[in-house]
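Structures for review follow.
The same chain A turns up in both complexes below, where it pairs with chain B and then with chain C.
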Partner chain A sequence: MNDKSKIIAGLIIFVIFITFPFWYNMGKAAPVPEPKLTDKAKLEKECVEPKQFMKVEHMQILDVWRESVVRNASRTYVSKTGKKFNMSLASGDDSCIGCHSSKVDFCDKCHNYASVRPYCWTCHIEPPKEKK
Partner chain B sequence: MENSRRSFLKIAGISALGLGTKPVLNVFASGENSEKREAEIQKNPAALKAKRWAMVIDTRKYESEEDLKPIVEACNKIHNIPKHTNKRHEIMWIWFDEFKYVFTNQEHEFVDDRVKHLPFLVLCNHCEKPACVRACPTKATFKRDDGIVLMDFHRCIGCRFCMAACPYGSRSFNFRDPRPFIKEENKEFPTRMKGVVEKCNLCAERLAVGKMPACAEASNGAIVVGDIYDSESEVRKLLKNNYAIRRKPELGAGPAIYYIV
Partner chain C sequence: MNSKYMFSLIAVIVLISLAYVGVEAAGLQVIFGIVIPYMAVLIFIVGFIYRVMDWASSPVPFRIPSTCGQQKSLPWIKHSKIDNPFTAGGVIVRMFFEILFFRSLFRNTKCRINEGAKISYIWEKWLWLASLAFHYSFLTVLIRHLRFFLEPVPVCLQLLENVDSFFQVGLPGLFLSGAVLLASVTFLFLRRIYIPQIRYISLAADFFPLFLIISIATTGILMRYFTKVNIVGVKEFAMGFATLHPTVPDGIGSLFYVHLFLVSVLFAYFPFSKLMHMGGIFLSPTRNLPNNNRAERHINPWNPSVKIHTYEEYEDEFREKMIEAGLPVEKES
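So, the complex of A and B:
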């Protein structure tokens, strides 16, 4: 029982090593990103549904839209406020991409932060990059 | 004693009245709520509808491959179909082939010269009883009520059972990422990705907005698409006045593409 000092020293090194990521990144938490809206989107003020709803539920809406367009050929969405929308992610000016025309400034901002990687753009054609 | 019973009955009566008004209030409350409308999904009123879509190809209206190339090209262009240099990676929605390969069961030694050397357009037959739909384990391929056999590319896992099941070879598999092989992307239509099967969709995306399929539009009247259950439709008139054949009808799949020879 004469190794008390070694054990304690070892324990201290171990604890420091294990907690390294925590204190190394202390105070450096990435700020919550705010997706940049295009002028066209800002002008509209409201997306298909209210902002808060879109923030939380946009993936559900996209899922419902996909099912409806692909399987039922029903392509017009009438929102709670009575406005009509063309149900499309990436075709035409009245699609999602028509307003949110920058993937980097809009989709990627939050998706990268949350480490979500939806594979929409392997098939759907993303808007051209130079358009910012 | 008497007094307390009396007051008890009073309170009970008032309570009963109170409870009785709740449903009434609810009705009023819901009346207010119903002014807030629910979101709903509608069809485009301009969409073309049919009980059962079918196509009639009048093979007398063209003579050579040159006549068919613009038709194939029109389809390839709007559907972002890649042009692979390697034949084995080829993606085809609509293409052409010789009589002996298209109508394998009707070929014989003495087929007349015109038919023998005529290229025949081939595409998905949008079968009445599609084998591909039965084979698909994820229901990525399905048959719509109006007879169009469609694919939900989101759900395709690339198992290729449908390709094995299809008696017409109408399906192609993306062995490679198609993006680099598409010269000019049509922004209105998605591409596919590596590892999914694809085939003709009878231009479902065009029918939904009131346009006829691209091949029919590019064919100068050689291809007619319409409702085969509507006796007044153009396809029915064509079939009534001309003898038409189908590919491998003996298999019982019920193909919906008719060829006037």
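So, the complex of A and C:
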């Protein structure tokens, strides 16, 4: 008894499965997203911390801020360089969305690319979409 | 101290340092990020096919299922259709439960000799539970990593992530599968260390994959929850890899390269190791054959062709002499 044909069929299915990422994209890389900065943000040059730090740690900062505001009612953030900031995500000009006013052009750019779906906006009100 | 696990542990530590020093000190991002991963994938696919085809070329002349129930017999004896399958359908059901739920491992028992030299078998489900948790969480982690290789990310993948981070612990949200993976693989390792009989039969080849997977899970968890890497850069790297236009983006920490190198080692090591049980479970002749030896004749394909001389031919040759000698013959002329 020899089941070679069945085994080969199984192997082909297996190889198709594990090479899935290679043929799903069919050789064309989607462009790396570049979050759009508003003029106000560009003018400031730097967020509450340097750009590289914000890139990888912003979620941690927001998590710490939430803890600090909700549990301790403390809204002042002192950055590493000693500058003071108002801890707030979406309360107007003196908050994150004060500079990063468009969720679509800023937050979603990278979040969609990396398949991250933070639940910020289930409580906070999304910044209004820019009028066209 | 046991030379077998020390050997494996040292091997994994050397691998980690190799990647770390290679990237941090020697700046070999291209080697560790592009050359080695592609080679590993190639070795994995070619090696996997080679191993399976090697098994496939061995004929299985006789049915040798391990039977765990009553064989099909007289109509008034109840036949155990899954544990002693008679048809291909029964085999498919048996393999389905074996592969997806590790049914044979569920039968695991612990045996103990009591006072008075009486033996007792004890219900032991921890191995089965940890194995199931390990394999499924590893599968989930593997599938979840496709988010780096696919653009746009398919909806089913997003759904899986949502389920996996269901408890919304911390930011970035805790993926349960990662934690379960590390916990279960640690259990499987401790089991080999603490149970004397298991330690006695464990080889370096048993410990090496465990250490490797523990290190992979640990570096992954470190990157996600503790030291953090630039995730967009990682995706850019992975997309370059999947579209065969590899790039090495800046700003990805060396921890990422350690993680990637260990995964590459795991992939490349896979076809040469006991991890091939992934393909082998489908081909285990004690599971995938119907037990029908008593109903059907299975002829051995490697029987040599023997020159035979039947009695009819013999009688034809010697009939006259036989009649002369007075021996009985079947045909008179």
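Here, the second predicted complex is superposed on the first by the 108 of 132 C-alpha atoms of A that agree within 3 Å, B and C clash if a C-alpha of one lies under 4 Å from a C-alpha of the other, contacts with A are read in each partner's own complex, and residues count from 1 in each chain.
Following the convention adopted for this analysis, a contact is a pair of C-beta atoms (placed from the backbone, for glycine too) under 8 Å apart; a residue touches a chain by one contact, two chains touch by 3 or more.
The structure displayed is predicted, hence computed values, not measured ones.
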For A:22, select first, second, both or neither according to whether it touches chain B, chain C, the two together, or no partner. second
Which holds for A:79: it touches chain B only (first), chain C only (second), both, or neither? first
What is the contact status of A:113 with respect to chain B (first) and chain C (second): first, second, both, or neither? second
Comparing chain B against chain C, which has contacts with more of the residues in chain A? C
So in the superposed three-chain picture, is A:90 touching just chain B, just chain C, both, or none of them (first/second/both/neither)? first
Touch check for A:59: first (chain B), second (chain C), both, or neither? second
What is the contact status of A:8 with respect to chain B (first) and chain C (second): first, second, both, or neither? second
What is the shared patch of chain A, the residues that chain B and chain C both contact? 119
Mind pulling up the chain C residues that touch chain A in the complex? 44-45, 48-49, 52-53, 55-57, 59-61, 146-153, 157-158, 161-162, 168, 170-172, 228-232, 235-236, 239-240, 242-245, 251, 279, 282-283, 298, 301
List of chain B residues in touch with chain A within their complex: 36-44, 47, 142, 144, 150, 152-154, 185, 187-193, 204, 207-209
Enumerate the contact residues on chain A facing chain B in the complex. 49, 64, 66, 68, 70-80, 82, 84, 87, 90-92, 119, 122-125
Which residues of chain A touch chain C once you look at their complex with the stated criterion? 1-4, 7-8, 10-11, 14-15, 18-22, 24-30, 32-33, 52, 55-57, 59-60, 62-63, 110, 112-119
